[in-house]
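In structure tokens below, several structures.
Look at the two complexes coming up: chain A is in both, with chain B in one and chain C in the other.
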Partner chain A sequence: MVGYILNLLILVSISGILAGSLNFIIGYAGIYSMAHAAFFGVSAYTAALIAMNLSTSLLVAIPAAMAICAALSLVISLPSLRVRGEYFVVASLGLQQIAFTVFSEWKDVTGGLGGITGVPVATLFGYKLRSLGSMLTVSLVCLALVTLVIYVLVRTSFGRNLKAIRDNEVAASAFGKNATAIKTIAVAISSALCGIAGVLYAFHVSFVNPESFTVDASVLIMAMIIIGGTGTVFGPILGALIIHLLPAGLTYLTFLPARELASLQQIIYGAAMVLLMIYRPSGLIGRSNVKDTWTR
Partner chain B sequence: MSEAPVLRLKGVNKRFGGVVAANDVDLDLPGGVVTALVGPNGAGKTTLFNLITGNLKPDSGLIELRGRSLAGIEPRGAALAGIARSFQDLRLFEQMTVFENVLSVMERSALPWQPGGRAAANARREKADATIAQVGLTNWRDARAIDLGYAEQKFLSLARILVTDASLWLLDEPASGLDPASYERFVKLVRGRLSEGITICLIEHNLDIVHGISDRIAFLDQGTVLAAGEPRAILNDPKLAAIYFGERR
Partner chain C sequence: MLFLQLLVDGLQLGALYALMAVGFAIIFGSTRVFHYAHGTTYVIVGYVFFYLAERLALPWWLAAAIASAAAVVFGVALDRFVYRPIQRDEGSFFTVFVASFGIGVVAENLIIIFFGASFVSISTPLTRVSDIGGGIVVSYLGMFSVLVAVLLFTFLNWFLAKTDVGVALRALSENPELVRGFGLNPRKLSQYAFAIGSLLVAPAALVATCVTGLTPSAGHRVVLISIAASIIGGIGSLRGAGFGGLILGLAESLAVWKLSTGWSEAVSFIILLAFILARPSGLFGTRARV
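Moving on to the complex of A and B:
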């Protein structure tokens, strides 16, 4: 039971990093990317390959994965960020599909649909993170660091530039802001932070295959943000917690037919999203985006 | 007035399909004065602003800022060249506070830091606060732009212009919808900056406001500058008045 809870909390931490890093561009810059799972996958494969061929140290895998994700995001975002709004969503969806195809078809490197198995245990300062407790500690520290980085960044001039572009890109450009450069840097930071989650995931499950990095995963990460609250620092973590605890909680409702649990989960997710959009469109801890007549 | 104009438009044309938005426009904006663009709806006034700031590209013609061609310029380039513009629909950064709206205008670097370090950052913050006080929004400093009343939003839009170092201001209906007291305050703020060498061009429909604030008027209709000169001469021209109030030529 303890192992189950620890495992759940590790996954919540990893998802919290994923959701927080995606929220950095969705919530603060208004860049709706459907390709976050692609970067998650790239970093997970990077970590797995480094661990099996070079080093199991997180101090090697994390910087390498962050750098590769950031570099890849630059290559992709420089042309695609010139388009706005829904056009970028479509462009990122295409990228997600390309990434999935590469993961599943580049068999020599990724192992194809079978993936890469037997990823060795991660090490940190020579210490093997063999126990769930040590992995959870590292995951929580990473989550805290990522959250701190985002918390600080959104309060700097860079954060204000992101919000200005999100609120009105035409006005931001009219005041001399280089919207394309700001968005490109934001996507690179977001992808690099996402890379941390991929590394932790690969070492935690000791197995990576394309199934974990589909468009469904991108949608799920987005759902975490929407549920928790876009444009808030702690909302995505709350969203990750709910998304992971909901199915876990459902298993304790013994009166539910076990065979229908998965379907019920989907129905409850869907219903929760609909209700949330009606009653809390800005998420559980998000502030309303509409005019607040009561503050006047 | 005999000095070279700050902004010169020469033979500027712009068509949207069959619609002529700018028809061989010649217009000079002399330095240190307020020029009002007047004309009926659809005359092409906002189009001219969009052509000057690079939001639209002219089909032909020349636009020069202090003798330097603005051909091919992007909106960001226009801002860096010293042109600040406001929008008819304000285009505030709605979810940001009043303070953030004003401060952010001065933060142009795309990098996660701005040049000049802490001293420059403090100077920007002080300037933002001083500008907010100047337009009378200190009490709303930490309120989101979206939560402000209409007049306050108008003054926030003006504050974002005031805080820039731009020498040419293009103001699109900046005073529409203001009550008389707010309007007086607006005129004082705008005209108060002329002594610093600022050149202002504004679009306005209220002719009382135009008369009260401008030194020159350019009258546009169907993309053509029909007349430009002293406010009294333009506003008293019965032919122009007929066009303005809906009687076609």
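Moving on to the complex of A and C:
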């Protein structure tokens, strides 16, 4: 039971990093990416390959994965951020599909649908993170660091520029801000932070396969933000907690048919997304003044 | 020889993609709703048809008519009960998109509960193939899909050029303020756009269900293809969306010539990214605003 809870908490922290990093661009920059699971996947595969062939140290895998994710993000941001917002969503959806195809078809490297199994235990400063407790500690520290980085970033002049662009791009440009460059950097930061989650995930579950990195996973990450509250620091973490506790909670409702649980869970969060968009677009702990984040 | 066969297959696939894409393009072009649940409409048509024709053994034309009616009801209901309340407070493009996505998730899983997650297919004598000379084979349904696409495009061109509703819809996509100024009701026009757009996806869903079968998650791919085709063709241009669909169908089919089949899906999106990079206004679009 303790193992189950620790495992759940590790997954919540990893999801918290995913949701927090996505919220950085959705909530503060108004850039809507559907490719977060692709970056998550790329970093998880990177970590798995590095661990199998090079080094099991997190201090090698994390910077490498962050760099690769940031570089990959340029593939979608350079072409699509020049044009209006819809194009970024579409380009990121396209990247998500291409990434999934690469994960499942580039069999020599990714192992195809079977994935990469037997990722060795992670090490940090030469200490093996074999127990769930140590893994949880590292995950929580990473979550705290990512949250702190985002918290600080949005309060710097860079963060104010982002919010200015989100609220009125034309006005921000008129004040001499290079909107495209600022948005491109924001997407690169978000993708790099997402890379940390992928590395932790690969080491934690010790195998990676394409199924974890589908467009549905991208939507799930987005659902965490939307349910929790966009543009808030703790909203994404709350959302991650809710999304992970929901399936655990549903198993206690014994009158539900066990076979349909996965579908019921999806229906619940799908319906939650629709209802929140209609009645409370700013999420559970978002500001009730909708106009701030969502309407520009 | 393989090349010619792939070309013929690509034309059939392209016709289906064109039909899907034009429906999306009408809705997106005139109402600016990023209608992700367009794929859901497709899946609903397929499953209603499957249920009526295969399980209840109704005649195919009756099943097809009811399934098409279901598409229209679904599209119009979404516009009225989901998109409109969101747009009431000037909902952003993305708020609508998220709600649309949520609808897709709910519908997909309801279908899984009722029909199971696995693949369903309908057996029809029309899927039989015939040789059209030189060893190239075509199925009757394949020819039928090309024919339906051509007929519907002709009809649509006439409808948008000659009827009042058609002209008003084109006006709505160009300047909603002016439409209001002329005393027309954009809300009402948006209902027409959803009705027509949803109806157009029905033939593609019916044919594709017979040819390749259907899964509850097919909608994602359908809407992604529709979006990609609309952008390649140029947002706001129906002709463009049709051509875009055709190009993607041909590209996906011809990709099999040089690549293994698993990669063919990625080809569409690589073309899409190339278009966004080089020509974001698409083939026929004129207004790639920044």
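Just so it is clear, the second predicted complex is superposed on the first by the 283 of 296 C-alpha atoms of A that agree within 3 Å, B and C clash if a C-alpha of one lies under 4 Å from a C-alpha of the other, contacts with A are read in each partner's own complex, and residues count from 1 in each chain.
In this text, a contact is a pair of C-beta atoms (placed from the backbone, for glycine too) under 8 Å apart; a residue touches a chain by one contact, two chains touch by 3 or more.
Worth saying up front: this structure is predicted, and the values here are computed from it rather than measured.
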Touching partner for A:L54 - first (chain B), second (chain C), both, neither: neither
First (chain B), second (chain C), both or neither touched by A:S157: first
Superposition-derived comparison: chain B or chain C, residues of chain A touched: C
Which of chain B and chain C A:T101 touches, first, second, both or neither: second
Chain B versus chain C as contact partner of A:L148, first or second or both or neither: neither
Partner chain(s) touched by A:A248 [first = chain B, second = chain C, both, neither]: neither
Contacts of A:I278 with chain B and chain C, given as first, second, both or neither: second
Touched partner set for A:A181, first chain B, second chain C, both or neither: first
Contacts on chain A seen with chain B and repeated with chain C across the two complexes: 290, 295-296
Chain B residues within the chain A interface of the complex: 53, 55, 74-76, 78-80, 84-85, 87, 91-96, 100, 103-105, 107-114, 121, 143-144, 146-149, 160, 164
Complex contacts: residues of chain A adjacent to chain C: 32, 75-76, 78-80, 82-87, 89-91, 93-95, 97-98, 101-102, 104-105, 215, 219, 222, 226, 260, 263-264, 266-267, 269-274, 277-278, 281, 290, 294-296
Sites on chain C touched by chain A in the complex: 34, 82, 85-86, 89-99, 101-106, 108-110, 112-113, 220, 224, 227-228, 231, 235, 260, 262-263, 265-266, 269-270, 272-273, 276-277, 280, 288-290
In the complex with chain B, residue positions of chain A that touch it: 153, 156-158, 160-161, 163-164, 166-168, 170-179, 181-182, 185, 189, 231, 289-293, 295-296
